[in-house]
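Shared between the two complexes below is subunit A, which has subunit B as its partner in the first and subunit C in the second.
What follows is the complex of A and B.
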């Protein structure tokens, strides 16, 4: 028996011994790495804090148009970091001063170069940083990056084109939104940053076959457009997709489109509850008192979401009437909310 | 007899090899994912998300039972979270202390007749309160429904936003946690249905106004060793499962869910002890049944701080409850086990949780005695036996060190070097004693399940109201 045991165990024993040695070495290396990392990172953080303390006054002065003067390599890198952060918070002349500083810098050239780096994270970081550097001349490269093979890079490029308010990128950004080659909310935020110049392309998206695209476009038209755009949105209150009808109603509310009141009142009969809820909310946002009786009716008789939205629309239209309203749990709620919130 | 011993010893050894191979695989995946995440973290424009009108609204759901000590601080910090559109819905779940009165006094609450949804069941609501000062705060006073699931459902029926974030009343969220945990949803709202963040141990930290202002290790070794356990569970396990879209657990202390889906599947199940894991499994199941593309993601940045047990008695209750919850969930969803229709979920994740989590105490407790008997009977050489023990301990240590290194490289929350040294020491010793006692508690849970025991037991927490270290 012992002979068989040792015959079986012998090769296994050798394997185990080697595994044990490998594990012991790995453990020692693991602990050594921990210690090394701790020391290295602490030194790096201390150095970074010192440099940041040094360059922060220079960065603040640069926002007012004062050149920072000669800096060593470490300080330059720290200044790039600080200015990149400030760039997200400022507009107008301070942002132009940041752009002017970066335009001739090695950091800007390096970021442009990194847009074609082999590693995805490098390209992503470069595309993101270029938005913070605020140099308008970077936009052609960023537009090219919108077609990068990796989604993260495309998203970073889209975000930066928005930060740079690149009007020439609108078509490509709307296409990226429509084809979902960048996350829809990222593309949408970029178009919002660009603002009104994006509107024409967004209105064109309302005719796309993909319902999700039409819905997002409706939402953005509501944020960027004006009452002039109401007729097109009113048409989409009859869209085959409930999500588009919902977003069109919300958009009309955001635009405060008084001309849409009757169409929105008709939308209170939509077969889908969340569309009726959106229509009720929009009527509350538009503030046309003629909608009050029908909203009260919806608040008394419709499904939860629609009735709830209708009750809050009544509260928005006429807080005093809301405080006296009754006849459903939703109207009871707004009566009490009106009382509690004064 | 000796054949049986040989078989059991063989199973134990094979099990050991397999489970550690899986852990090592997860660790390698987690390294790759977290290093990539660290590089990408610099390109996450949270402030832009914060200021965007496109960011969806979130209702933060806070079930509270006898939380008078810390509820005001907790709610105040939740109201102060950096998020463009959120409301806080607190349920006073039939507390026997003055939780409700403290909320009424602190937030100037007044009774309101709030319309509540009827599509999710919960114990009767006695009264809803609105605040004069905070229009985004609701407090639901309801009868005790006998569990946390019922209490969260009580929050859910009053929630109004598209997403709901369930958190424990005594947990502390970092100011950006909601923005960070929502990020996958913002990137892909059509596909991502739920996300969870990391839960960290608050024992030993310094708290001020409901915020962790200084991170520290607990004095108690029992609590400190749980810091390591949480690193392994979140930074290795959840990152790994999330990478193959088979994340089964989003901690009940901190998770974000698409409200419409939660309502569609009936909310949190009141019959379940592990209501958090069961909800996530049900979400997976529903999305598979609908054959819709979806993702449930773990996000490693957003932090929820929570208190862990500092006594063996309370810890044993917690671990037995977790094990009962897992067993109950696996039983209810047994249809998923090795079912190819459910893809990675049915073929890998659920079987893993059955064989390597739920049933592991059997092997962990019964295996070693059989190996010892095999050795005593001469079926195993002494050298082999010792070598096996050495490998087991070294491997356990390596896995803990790898998790610790992931934390150190990516997050570095524990700034004091002596705390890092202490964690390394604990990593060396937790495989001798702590792991076995854990296995014992989870083994005892089998008998709890057979007896049909379903309660939570008294968890005895200090709460946020108690002065911190």
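What follows is the complex of A and C.
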């Protein structure tokens, strides 16, 4: 019996031994590969940091219109990276100098070409980069990319059209926002960057059937519009959607629309707490003292969010009265704040 | 007071923005103290008493508004003018900035030359 066991066990032991050796070798190779990759990446990062340190003074001087001169391929790539980052931070003449540099560069031509690349990531990267390059001539290609089959490419194109403040893209961007073919936040941000020229299209969005579109449009009108845009927003204080009513109230506060005071006071009776809170905040921003009595009442008796907002609205309207106020934890709080502010 | 004698404190956690602003100020003849966070900015302000501070609004740890409050609360730094750099003109940010004691704000993306003009204007008033 033991002889038979031994005859079976010995070959198995050989096999197990070879398996163990193979696993050990594989482990060592795996660790060695990881170490090699790590060293390679570190060397690449160090090289990139050295190149950036070398080109940063050139990039800063270029913002003043000074040409960087001849650079090797590595330094050129580093300069493109640095200028792309600076482009996001500046406006005015420095951004125009960046655009002038890129307009004549191989990097710009490559990015334009890559908008038609087969791979999605190339098209996305190209669409994104063109916004940082700040070259206005890229806008027609970017508007085409707004209709790319891939959502990420469309989002990158929208973002870049905003960076380039392309007024001709407003209609397409508002449609992209309304249809959500581009993430709403991205389209909204792009329209914000384009600014006042987007207002007409945004006001038209206030009548769309989708409540999320109306809410976003209300918010943007509040950021771009003026008091003369108040009437449409006042209408939307009665919107069936609480989110729209909230954004309309916030927007009216931002616009400082005194004509909305009466409607906002009515909105303090809204059935939804965050709408009441938004109305209270707007009344504080508008600064009409006729709202104070009803705001005090809300601060004393309403739910937390609305009462808190109403108390701070009272503080904004009448700091002296706020310092003497009492009757709820929120009024006690603003009394303390008013006294600290002196 | 000549430009060469004047120290400006610049605080931003974005090294690119700090490099941009420092370059602009140094080119204009100012001496620049750079900080990457609010705590360091306050310490530099106490140690060097700069003529003016440019602070980013949004920073991890102490943000620009909190640093401004600390500067105003300390007798050694209470008179340092402060300009805040903010990403958007959100009324809440602007209100908080002025309530904390900031003297001016600039929204990003910004014009470095415009920032320099505002610095000169504030320094000219003092």
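The rule is short, and it goes like this: the second predicted complex is superposed on the first by the 309 of 342 C-alpha atoms of A that agree within 3 Å, B and C clash if a C-alpha of one lies under 4 Å from a C-alpha of the other, contacts with A are read in each partner's own complex, and residues count from 1 in each chain.
Heads up, the rule we're going with is that contacts are C-beta pairs under 8 Å (C-beta built on N, C-alpha and C of every residue); 3 or more make two chains touch, one makes a residue touch a chain.
Because the structure is a prediction, the values reported are computed rather than measured.
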Quiz item: Touching A:92 in the superposition: subunit B (first), subunit C (second), both, neither?
Solution: second
Quiz prompt | Which superposed partner A:341 touches (first subunit B, second subunit C, both, neither) | solution = both
Practice problem: Could you look at A:183 and tell me whether it touches subunit B, subunit C, both or neither (first, second, both, neither)? | Solution: first
Exercise. Using the touch definition from the top, say if A:333 reaches subunit B (first), subunit C (second), both or neither.
Key: first
Quiz item: What is the contact status of A:219 with respect to subunit B (first) and subunit C (second): first, second, both, or neither?
Solution: first
Quiz item: Does subunit B (first) or subunit C (second) touch A:41, or do both, or does neither?
Solution: first
Quiz item: Touching A:199 in the superposition: subunit B (first), subunit C (second), both, neither?
Solution: neither
Quiz prompt | Partner chain in contact with A:62 - subunit B first, subunit C second, else both or neither | solution = neither
Exercise. Specify the partner with more touching residues on subunit A, choosing between subunit B and subunit C.
Key: B
Practice problem: State which residues of subunit A lie in both footprints, the one left by subunit B and the one left by subunit C. | Solution: 88-89, 341
Quiz item: Hey, which residues of subunit B end up touching subunit A in the complex?
Solution: 36, 39-40, 42-43, 45, 47-48, 52-55, 110-118, 130-132, 135, 160, 186-190, 378-381, 383-384, 387-388, 390-391, 394-395, 397-398, 401-402, 404-405, 408-409, 412, 417, 420, 424
Practice problem: Within their complex, state which residues of subunit C touch subunit A. | Solution: 14, 16-17, 19-20, 23, 27, 91, 99, 108-114
Quiz prompt | Partner subunit B, residues of subunit A touching it in the complex | solution = 1-2, 5-6, 9, 12-13, 16-17, 19-20, 23-24, 26-27, 30-31, 33-34, 37-38, 41, 88-89, 121, 124-125, 128, 152, 155-156, 159, 183-186, 188-189, 192, 212, 219, 223, 304, 307-308, 311, 328-330, 332-333, 335-337, 339-342
Exercise. Mind listing the subunit A positions that touch subunit C in their complex?
Key: 56, 60, 63-64, 82, 85-86, 88-95, 253-254, 285, 341
